[in-house]
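Labels run A, B and C following the written order; every chain starts at residue 1.
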């Protein structure tokens, strides 16, 4: 790994400099993660007096549990929907802003701030809009002949958290798409125009392929976001209901562990989530290396 | 723009205005709700135009809070959030600057191992190690304390990588010139490296302040004493009680207050915010 | 003021040697230029003297004191870097003062030295600017100023002019020479530009793949290159190196020292008319004539061996390209070399 051509000769100092970061990491990250792995192979009796080592029983139990399997499926639907919805809207907005010169800055300012809104606040905002008794959305939907009540209808609940989660992520995706679009050399666009390609054709044949690294990067980041950063949204809107319809993995691991105190099962679920993050991170970093060529 | 097409320009603005409406509308609705009295929310439809109770609602929620929810007044929670967000941002920046400095400017045994240990934190968000992390904090006696809220969150691989990346772009000769000029490692760090990192530190501060402010699950786990509630977790308690009694006007006032500080930071420090966001993900 | 001595100085990176045993004595006030192609070890040598590279073996003495273990700051040297390495966030004044402040120099003394250096380098008006507001030449001056204010035992220059454009480079070269004469500070100067080396140096050190090829005044090195490498490196266009075997038809071998199998002939040693003194004649065909102002470069191919050589002739000779000519060189202007040892064959 890279260092400077000359380095300071101190022997002890680098360890002192690293100590705070490593202490926090080891105490609050590595050790608990190892504990999670350990507990995932154990069962605790109901009173917490005894733990027994049970190999993969917790995992076996999880994958035999229809609730967990349904949660897995629900999470996939949720993550994919949030990613696609949010990225599509963001790309459209980014392309539009990229066509403008001065006014683009104003639009950018108006579009980026939701990044700073906490997920749980996002949840409350949308919960308010879709509130079955006083919300604006159900009122309009009633006019269209659709009866909205996400407290009863699982699919409607899923739609609600997808909208809320996608809304928050628009600003993030937007900024990265704008950065990606700006790195496409204007000369390519001009060359294509001289070659007789219209604006839409130019976008799909020249620009979109050139920003594919950004798109792929955002794909990973958004899946990661939808799976892990949306706890607050779910907690504020549906609390995983109705009937587990919106009980995505990260919410389930919390309710099983913290509320229902099912330590072994929760630990096993944690380990599975860990493997998912590790896989996503590896994909992301292998891809970052390839991105250099652009 | 390659060619001038008025219709396309019109379409562009139309798309952007629609986008802004989508983004702004939920917050607009919340703000409108926060200016009305309780009577407006008994049944039927939420109001769409501002009402007369703005000052009254905000001062109520700021000073008294919602007694029925068991949460303290908003100002207490806002102060806790501010403290937590600033401490997390400063803490992350400080320890990341130091570790990046060690990794770039020194060679020592286990350097690569240290780098990987820091890297691993990327793969261990709090969501995947909830119970054991809670147990560690509990064993250290840090439940219901500011340390408990802050310390477990200040390790930062992304900040370390950002500074490492930045340090690598600083010409080697600068450090050599400083050595010839008689500066030791800590003097070089303070006199040369820190001032040069100013913009990066500011950009990172914006991002990390937001990160700290929007924390939800962690405060929910480690605080049960309402004195330590942050606004973002406290607001959930307000909202839960709002559904049973018509207190929407007060809840929405709290919602607006809860998002105001980080949103203002983004709007007024947009350049730093964009720099921080784009560079931490590189 | 100090002498510098390098004794059997060696540096290797793992198994790869960079400097393979260098001995050099620099007199007080002398300006020594280390010159050679990139990768020859000249920069590594300089950085070892500065204390920025560790020494694998051998020793370095500055002012009679062995400094191999000393930190750069303890060696009483100042360095001018190729990219200047000015502290970007400090003003020019801040840059000049930094090293003095670190040494705890009293305030009045700092002010006096900064004022003096600014006067010498004519940068007084720039003292409150930041480096990014300066032109390349001005930055170069500030970098020099930072070295001067320290009043060190020795200056170390690491290709200080290679970031400047050609015109400025000539100008700064003259200034550095004048400045060094005036301050009489012992200096080591690294460059890959042989013209810069020739014009600046009291003595030249020509290096190649980690070894010293020759040490001498610029005239000595030019007039009597000690090795084939130096012969080819110093002088522009470079010396023509012609195997004795292709001098057919000439009675030269008798006059050359034993062991000579290559003769070196400077491009300007060739003439087109046969001279009065004993000389050799070579038949060749003209390939290209390059007029470059006061003189012309004539690229010809020897008929005997097909080797291309370059002649430098005054004015603009009327010679058709692709024509046959005979070129002459006085025997006294030949440099005899042994291909086997790579060294001069007539060294005592």
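Here is the rule we use: contacts are C-beta pairs under 8 Å (C-beta built on N, C-alpha and C of every residue); 3 or more make two chains touch, one makes a residue touch a chain.
A quick note: this is a predicted structure, and the numbers were derived from the prediction, not measured.
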{"item": "Other chains in touch with both chain A and chain C", "value": "B"}
{"item": "Highest C-beta pair count, chain pair", "value": "A-B"}
{"item": "Between chain A and chain C, centroid-to-centroid distance (C-alpha), Å", "value": "60"}
{"item": "Inter-centroid spacing, chain B versus chain A (mean Cα positions, whole Å)", "value": "16"}
{"item": "Computed distance of Cα centres, chain C from chain B, in Å", "value": "58"}
{"item": "Multi-partner residues of chain A (each touching 2 or more other chains)", "value": "6"}
{"item": "Chain C: positions in contact with at least two other chains", "value": "52"}
{"item": "Interface hub residues of chain B, defined as touching at least two other chains", "value": "176, 179"}
{"item": "For the chain C and chain B complex, residues of the former touching the latter", "value": "50-52, 71-73, 77-79, 81-89, 98-99, 102-103, 146"}
{"item": "Complex contact set, residues of chain B against chain A", "value": "1-3, 5, 8-9, 12-13, 15-16, 19-20, 22-24, 26-27, 29-30, 33, 41, 43-46, 48, 94-96, 98-99, 101-108, 111-112, 114-115, 117-118, 120-125, 127-137, 151-152, 154-156, 160, 168, 172, 175-176, 179, 184-186, 188, 210, 213-217, 221, 232-233, 235-236, 239, 248, 251-252, 255, 258-259, 262-263, 265-267, 270, 273-274, 277-278, 281-282"}
{"item": "Residue numbers on chain A that touch chain B, as the complex places them", "value": "1-8, 10-11, 13-15, 17-18, 20-22, 24-33, 35-36, 39, 89, 92-93, 96-97, 99-100, 103, 107-121, 124-129, 133-136, 139, 167, 170-172, 175-176, 179, 189-190, 193, 199, 202, 217, 221, 228, 231-232, 235-236, 250, 253-254, 257-258, 263, 266-267, 270-271, 273-274, 277-278, 281, 288"}
{"item": "Interfacial residue positions of chain B with respect to chain C in the complex", "value": "171, 173-174, 176-183, 187, 191-192, 195-196, 198"}
